[in-house]
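Take a look at the structures below.
Shared between the two complexes below is subunit A, which has subunit B as its partner in the first and subunit C in the second.
Take a look at the complex of A and B:
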């Protein structure tokens, strides 16, 4: 036991020295954690706010209240006030999705109870954004009519919230991005560390030593895990400060991030031992990260995507990681399974990865 | 009653056969390596040298036959046997980003070497690299890396040292330095197994040589016996037109096997017990010669002499 502990410590120290002499690798690990965060933010930013011109030809207080209703429509428009000519030019140049025009006499007509047509010109080059606009305008009109108590408007949804607060798309995404970061950063660093042992032939030297090769490798992974955790914590700080997403439960998110690093490091060890080459392991982890991420409840709770996809998601460790982190950050239950079960599944993945690595190292080194 | 361990062979292979992917890597090899001797394993690339050493070090399990090392039957799972064996692999397998000292410190921790710093200083002294302790291994020459690998294998003071191709890819100076380290080890009583492609290396280092061809042991004898069988060779530097004169000069001389043209002139092959002096004298008298060198015959000559003869163990 003492020999194994000494080997773990020696491995950790050797990895620390090697990483210290490869500052670029460490820097890239931190940078890639941040770039993934930015990447998924862009997913949200590109789809959630359609640039829409507002041309107010009326200028009455009722028109102003209608503009307020339009602005309050969730995930719909990024309203920009313009005159009619500029709006038309911008729409044809392709820099706007739609132009909403409040006609002259709008306020008077509403007061009289007349029907008022509100022209909406749409650039239907992207059906997804067009749909967003088409859905949002009637919603805004209904909200506007309800606020004014206008007759003839019967639409009155009674919202009953399950969660005590709304969570915007971007804040939801950036938390799930932390799970993706954990997989990519911890997985890649651990996999590289193990694959390097095979590429340099030192795996055979480890096999000839009196300790199991997994002992010094465990030490190495402790060091790569520490680097990964630092990268993730920096990214999390960016989430809290830059994206203004303070966690509901800071202790839980810290524990969740630490657990993700441990688990995805173990997965990295198994991948490194199986592939044994640094370049392919990096490509493989990057290659599997995005599909695992998308099918993990990263964009919305996975159960909303149908039973087949939801069932498949259970085979991905990222699914459970997203479940834990969204609960910690937003207090959201995005998996039907309780958080403790998500955590248990993650540790099951870690145990499986260690078993694979143990077995593969034994088989790969001794013919 | 079994013999005490120090009287038993350090390595004993009995009818060992190894196969991989339908190929026979070792074919029914039987040999015994005695304590305190340097044993060479000689053969061309692909003859099975590295496979044989892999069996001895426990990196490969024999398919058939039995193998024992230091009295322990293989495959042995315990750590105790590994602590008694030092291995220098064909590839130096060092951590390139670490210094010599850091590499050795890492290995010392794996083997639980007591007083590691003292022991590291001692082995670095032995291989003549004390002044390069703080150099990053990636910056060392091939010969120096090889010496670091030897130092690493000696750290835990093994009873058996196994070296695969000790001078692979190193220059002449480094080659002689490595040979001298191995001779020091022999003098201190360490049992050494050395795999090599070169007969002159085996002659310089080994007490006994196992010759492998296509996985089979075709000879197991002293280097002197092997050289006597394979003969010697005189490399003669001369112009192309002088090759015929060299051939005429040695024609009919007892013990001269044949004369071959070489890129630098000619090579005269002699039977094992033929003195070279008389042949050299004749060549110098009858042909314009730039220089000459008498050396052991190469592996091709060894195999030509051995034919398919069975091993004499």
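Take a look at the complex of A and C:
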């Protein structure tokens, strides 16, 4: 037992030395973690506020109130005032989603009680943004009429929200991105460490060692896990300070991240032992990370996308990790399962990942 | 020329004999394609339950407005108890109730359409709010519905409504480009980036790491000829992957530009491949260790791809991000290709091509010098 512990410790120290000699690799791991925050932020930035030209040919106070309603229409438009010719050119260049033109005489006509057609030109190249514009303009018109207190409107929407506050899209995304970070950083570092043993031929030597041959590898993975955890904690600090997302429950975040590191380090061990090449592991883990991430409730509760996709999501630990992390950071329940069950499932995944990694290694080295 | 061609063929065969390197280059774009497929399923329609408690014509009219808008709602019409369960179990994101007494309230202009919304994040919550607001507006102003937006006032036919505003919508193109077709192009660009960048980077790094660069330097061929051979090999490797993908996309109709746009589209792909090969050669010769190169190449490809508008439209981002995006060559590739595929003319494509070609020349120049230096340092 003492010998095995010494072998684990020696493996951990050897990996630390190895990583110290590869500062670029460690630096790239941290950069990779931050990269995903940037990536999801970019995605989040285009999730709302379609760039829209506003051509106001009227200039009346009524037109100004209509513009106010457009601006307030559920984060729908990033309005840019411009003349008609520029707006048309920009629309045809693909820089705008739509051009809304308030015609001359708009204010007077509304005062008279006439119905004024407002020209809306849409670049319907992207169905998602086109849908947003087509739904947002009537929303703005309804708000405008309410604002003016126009008579004759028989029906109004009455909304009751389940959550007491609206969570912005980017703060939501960056928390789920922490799970993606854990997958990529912990997975890649552990996989490279294990694959190196096979590539360098030291795996054969380990099989001949007087202690259990997996002990030194376990030590190496402990080190890569520790480095991954530090990278994740740095990323989390960036989320708290840079994105201003203070956690509702920091202990839960820490537990979630630690479980993720264990799970994905073990996944990395299994991948490294199966592939036995350092070269493809980064691309492999990165490639599988994106679809797993999207199918995990990263953008919205996964069940909203239908039971098939939701069912598939259960086959990935990222689903449970996102459930735990969103609850810890925002107090949001994004899985139908209670959070304690998500946490339990996460620990279950960790145990399973350890067992699978151990088994794969044993077959590759000992057997 | 013969030496260049031989080295190119050697690199290509090395590439073919390194299945893991090929897999490394192919997995990220395949992952991206899978991601797009998943995203496509979650775009556009919102899962909503409808409970009709009101009786009478107005309640039926309101229910019909919601039921026929199949492009906006993934609707489940049910009773209140089931709707509450669906909402709790996250099978729907919102419950819309046409309440009892709706008919009388409509007469008194005090009718309300109740919606309970699971507003976990504003992205999809706002989608539902906008969708429901349009349905409500449509009740008093049918022309504010999607058919009215497209077919009424824009044709000169305006029906008076109590909101006093109608929408005269005109679309730039006859059909909407669906999300998958809009995004498949960036997946192809990622394929080019991934194979060109990672392929050339790994070939360059391998020569240094394995010491074969020494033999190359001693070969009776000018070092510039060898460098040219390396780039040609990287390009061929990219084309081996890109051409079948392009053919497949064309045959299946995923990409279908106007016939006269093909030359510009192919030129953009070629320039992008050259750019990727140049950047890859620089990276590989500079970093030199294959496993670090693989990670660095994947990060560089990610930044080039995402800051270049691979997942977004750069023109739709805030000013400061557009400024950064202006320095990313892939932005010009994606914008130019979108122009070729989705727009009737080639406005701006010449500029995009010029920027890409200049960047490719620069990247190849820097890459050539770096590769040559890395070989010289071996001797």
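Note that in this section the second predicted complex is superposed on the first by the 359 of 367 C-alpha atoms of A that agree within 3 Å, B and C clash if a C-alpha of one lies under 4 Å from a C-alpha of the other, contacts with A are read in each partner's own complex, and residues count from 1 in each chain.
The rule is simple: contacts are C-beta pairs under 8 Å (C-beta built on N, C-alpha and C of every residue); 3 or more make two chains touch, one makes a residue touch a chain.
Source: prediction; values computed, not measured.
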{"item": "Superposition on subunit A - do subunit B and subunit C clash or fit", "value": "fit"}
{"item": "First, second, both or neither for A:22, with subunit B first and subunit C second", "value": "both"}
{"item": "Partner chain(s) touched by A:14 [first = subunit B, second = subunit C, both, neither]", "value": "first"}
{"item": "Which of subunit B and subunit C A:206 touches, first, second, both or neither", "value": "first"}
{"item": "Partner chain(s) touched by A:216 [first = subunit B, second = subunit C, both, neither]", "value": "first"}
{"item": "Of subunit B and subunit C, the chain that contacts the larger number of subunit A residues", "value": "C"}
{"item": "Vertex subunit A; arms to subunit B and subunit C (CA centroids, nearest 10 degrees)", "value": "90"}
{"item": "First (subunit B), second (subunit C), both or neither touched by A:301", "value": "second"}
{"item": "Which of subunit B and subunit C A:137 touches, first, second, both or neither", "value": "second"}
{"item": "Subunit B versus subunit C - smallest C-alpha distance in the overlay, whole Å", "value": "12"}
{"item": "Doubly contacted residues of subunit A, that is, touched by subunit B and again by subunit C", "value": "22"}
{"item": "In the complex with subunit B, residue positions of subunit A that touch it", "value": "2-3, 6-7, 9-11, 13-14, 17-18, 21-22, 200-202, 204-211, 216, 365-367"}
{"item": "Residues of subunit C defined as touching subunit A within the complex", "value": "18, 20-21, 23-25, 27-28, 30-32, 34-35, 38-39, 41-44, 46-47, 62, 71-72, 74, 87-93, 106-107, 109, 111-127, 129-134, 136-141, 144-146, 149, 153-154, 158-173, 175-179, 182, 194, 198, 202, 287, 289-292, 294-296, 298-299, 302-303, 306-307, 311-313, 315-318, 321, 335, 338-339, 342-343, 347-348"}
{"item": "Contact footprint of subunit C on subunit A as seen in their complex", "value": "22, 24-25, 28-29, 31-32, 35, 38-39, 42-48, 50-51, 66, 73-76, 78, 91-97, 109-110, 113-132, 134-139, 141-145, 150-163, 166-169, 172, 188, 192, 196, 275, 277-284, 286-291, 293-295, 299-301, 303-307, 309, 332-336"}
{"item": "Of subunit B, residues touching subunit A in the complex", "value": "20, 54, 57-61, 75, 79-80, 82-83, 85, 87, 89, 91-98, 102, 105-107, 109-112, 136, 152"}
